[in-house]
Amino acid sequence: MLQLTKRVIENTEIQQDICLISISWDKDAKPGQFVMVKCGDDTLLRRPFSIHSISDGELKILYQVKGKGTKFMQGLKKGSSISIIGPLGNGFTIPRDTSKALIVGGGVGIAPLLFLLEKLNHRGIHTLSLLGFKEKPFRVEAFEKFSKTLISTESGTYGEKGTVIEILREINLKGFDIVYGCGPKPMLRSLRELTDKEGIKCQISLEERMGCGIGACLSCVCMIRDKNGWSYKRVCKEGPIFWAKDVMI
Amino acid sequence: MGKRCDDLELSINIGGKSFKNPVMVASGTFGFAEEYASYMNINEIGAVITKGITLKPTYGNPPPRIYESHGGILNSIGLQNPGIQEFIADKLPYLRTLKTHVIVNIAGKSLHEFEELAKRLDIEGITGIEVNVSCPNVEDGGIMFGKDPQLIEKITSLVKRSTSKAVIIKLTPETVDIESCARAAANGGADAISLINTIVGMAIDIRERKPFFKRVFAGLSGPAIKPIALAMVHRVSKAVNLPIIASGGIITGNDAIEFFMSGAAAVAIGTGNFIYPDCSIRVLNQIKHFLKENGYKSIREIGGISGE
Amino acid sequence: MGKRCDDLELSINIGGKSFKNPVMVASGTFGFAEEYASYMNINEIGAVITKGITLKPTYGNPPPRIYESHGGILNSIGLQNPGIQEFIADKLPYLRTLKTHVIVNIAGKSLHEFEELAKRLDIEGITGIEVNVSCPNVEDGGIMFGKDPQLIEKITSLVKRSTSKAVIIKLTPETVDIESCARAAANGGADAISLINTIVGMAIDIRERKPFFKRVFAGLSGPAIKPIALAMVHRVSKAVNLPIIASGGIITGNDAIEFFMSGAAAVAIGTGNFIYPDCSIRVLNQIKHFLKENGYKSIREIGGISGE
Amino acid sequence: MLQLTKRVIENTEIQQDICLISISWDKDAKPGQFVMVKCGDDTLLRRPFSIHSISDGELKILYQVKGKGTKFMQGLKKGSSISIIGPLGNGFTIPRDTSKALIVGGGVGIAPLLFLLEKLNHRGIHTLSLLGFKEKPFRVEAFEKFSKTLISTESGTYGEKGTVIEILREINLKGFDIVYGCGPKPMLRSLRELTDKEGIKCQISLEERMGCGIGACLSCVCMIRDKNGWSYKRVCKEGPIFWAKDVMI
């Protein structure tokens, strides 16, 4: 939970505008937590990124180049220093009695799920991973190390044609104790509907524009159902992981 | 034997209270302080100014609530806060443990609400009340209190009568005549003036072809507004003889020095807290460094510029 | 056979005159055009707006006159110009050779001066008069004309009566009630409204411990003020039914698109000309690119946003 | 007079915070002219720099690292591209009958004088160069190629102790047809006084904060004596070179 100046160990573009950066790191974290990265002097606010994995003194971030901040990150050379705050947020919950878990990721939304998968695997929980991409899959080998992994692409070039929800519909959800999801909003909505219908627990990772990342500015709220109807919860503090059934998106 | 930096006189006075140094954190950017506890020693700064408190719990505006512009940020938080009752029950206990001054920012929808808020905050653990006059006056068709010097004077004297705390009036930059607003606060009995609050701005989502914020307009803060804030602080410092707590794009010690030289007694770090959670401590250290390097003994020596 | 990009309808209308496209260059940032002749084809843009012209030659303020802040610049030029007589004799001949519209910006110290300027500019080679109301009214203790809607209306109708040219009123952001100012211009008979002019700001030279500018205050422009300009343009576009020429931090085509969507009919590039001398051409090309990419046929299709 | 995107051929720090950058270049220029350099996205206005030399398709700039802009330039790697406008301004005048010229430079103010010296040398004009520095001289060998060169340092570590004006006072100005100067304001003031007293022609290069660099914005004016008393002249257009006797600094 500190602010740290860290070194870039490696930074590679694994596919056009999809990059993987490794940063020196010596703290533990929970899967689903995120960090806030200062992206040079030409941007003000830090950018939030899920923790993709932590091991051997390295923190990995899987990121997509979108605007000024991620463009700056793309240009970071090995050995350069970078200011990071984290780990932040609540992280995924793994209920005690979980024995089979389903992982559903879309695009760069697969980022936090690898770290989660490692943890599930470590706990001896059986997993199946469904990953959906636009055109070309990435990081699939990393998922395959820990679980059976099914792929879909919207172009149909690799795996099933369509979104990951298409594969999901063919799966018997009843076979799983819990579903974990991260990806674009429409995907999360379908996930909520499907798991709701089948009565399966489901946790999803949300994104919202952030200011501080530590719960102080109230920039990052989303509507969460509660006993009084709903209230605004902070994605950076009460999230980014929420129970799908409570999320009003 | 005191520490080396004890040679520097950093303390300032507001409303008869002594602050150990002139670096504060601005309302709405530091939550209720506990959020920052693991990033810095909060006791080192001169004061914490809380998020704005209303009488009733306030939901705030729908997300997205923040946008980064060139050199600045727009926010549309909309005064989300738990309301005075929960503030006193849930937030004040932690604030009371701090060894620095706590200033509570309040926002009312009517004169009566300001009065009520001030009265209920006249309790232990609070040094001052910062009155945010940038809120709409529902009794008067929703026009901002802060645009009307007469209303500012009324609110000030009402709050002043309702509390034993130092009363700080936080002016809005949305006025042509910031001097009249400051004078109104002084006439009403204010102990200090705080400025500037955010400036009305807007952003467009050109892909979606609509305003980025659901409420269309939002408040601009950060380095982009620093020159505007400096000009307003300077004008107010010439108009009234009250200490000014300046905010507007202060990220570094040099920014703070600019504000002291233009007439501020203290500075409040806002947007800077998002960039570096310990921004206020950095600014404080850089101020000390500047004073030492330039042979100043006291923060008061650098205040006020000539040159006109 | 027309060129491919002729498919795009870019022309706009102001005061009954047709402009080939909505990209102009803002007063004071493009000199009298000849300075830019070797950097771009000036004929490609919609209009040139000249530096502000006064009745008598004006020396302007002592240097330094420009300062870079975060995302913006402060200027203290002080209306340096050769005066109307020399303008007509020395500058207008070149402007007359251009194959685009020329709009002359005027600044008076009294109602009479505005009238006189307008009359003397009612000559060949000029399409419009842009009236800068951000100047002090010497007859009224030096208060800015632009702060007073009544004066704006007076100046507008006076200028309108004195010329056959399109009359554009350039409003100052130094007002709380930009809508009233715009309505005053409309009531006075303005053909268009131009906004925003620079915002009052200040900078400190902390080493010298004095204001950076001899005149203390200066005008802030550039990307830093874009969100403020967008908000004002949007408000004015809701208040009056006149074309708006928007300026305030426009550097890219996307910036321009934001202004069109918030209600502007045209954009004027100011500070951007200093960064890239051919900034206006770049913006024009980027606008075309945006329109094509998004399947628009006309610039008018993207104007005006919903979402409120 | 165009805006150009050029390549960095070399960029070296020849002394702490004093750098020499070579840029691909194919246009001619007059000594005393300058260029405006765009220093990255984190600054808005271009920064003005004198032309230090032009030869073999290379433009050289000698610059001191001061703030954001020059720090950006310091970081420019070989092969990177850079946006430049120029040549700009009037340049030095070399009167027809000149046979002996004195060059007086202070600190990084020596920058435009090397280019001038080359030209004077080319024209067969005899020259003497006086260069003053704070602590450690730089680029002296380059000047020595073309002229006898005397050095002063304020610290006294190299050459005469004191400012370049100290050496100047020991020189018989009457032996020269013209004096050319560039450096800090106090130096230029002394230069004006001394050359005024001796009735020697003197041209100096001025600096002022600039907006456009091309004469449009009127940011860069300085007070110049004329028939009507004085008027504001643009350093970027009527300057940066002025006759010392006319300059009111």
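Each chain gets a letter, A, B, C and D, in the order it is written, and its residues are counted from 1.
In the analysis below, contacts are C-beta pairs under 8 Å (C-beta built on N, C-alpha and C of every residue); 3 or more make two chains touch, one makes a residue touch a chain.
Every value quoted in this text rests on a predicted model; they were computed, and no experiment measured them.
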item	value
Steps in the shortest chain-to-chain touch route ending at subunit C and beginning at subunit A	2
Neighbouring chains shared between subunit B and subunit C, ordered by label	none
Mean-CA-position distance for subunit D and subunit A (Å)	56
Rounded Å distance, subunit A centre to subunit B centre (Cα mean)	36
Between subunit B and subunit D, centroid-to-centroid distance (C-alpha), Å	47
Interface hub residues of subunit B, defined as touching at least two other chains	71-72, 223
Chain contact topology (line, ring, star, complete or other)	ring
Inter-chain touch pairs (all)	A-B, A-D, B-C, C-D
In the complex, subunit C residues that touch subunit B	69-72, 74, 147, 174-176, 199-204, 206, 209-211, 214, 216-218, 220, 223-228, 230-231, 234, 249, 254, 257-258, 261-262, 290, 302, 305-308
Residues of subunit A defined as touching subunit D within the complex	41-42
Complex interface listing, subunit B residues touching subunit A	28-31, 35-36, 38-39, 51, 59-60, 63-68, 71-73, 75, 77, 80, 222-223, 271, 273-278
Subunit B partner contacts - residues on subunit A that touch it in the complex	1-3, 38, 43-46, 85, 208-222, 231-232
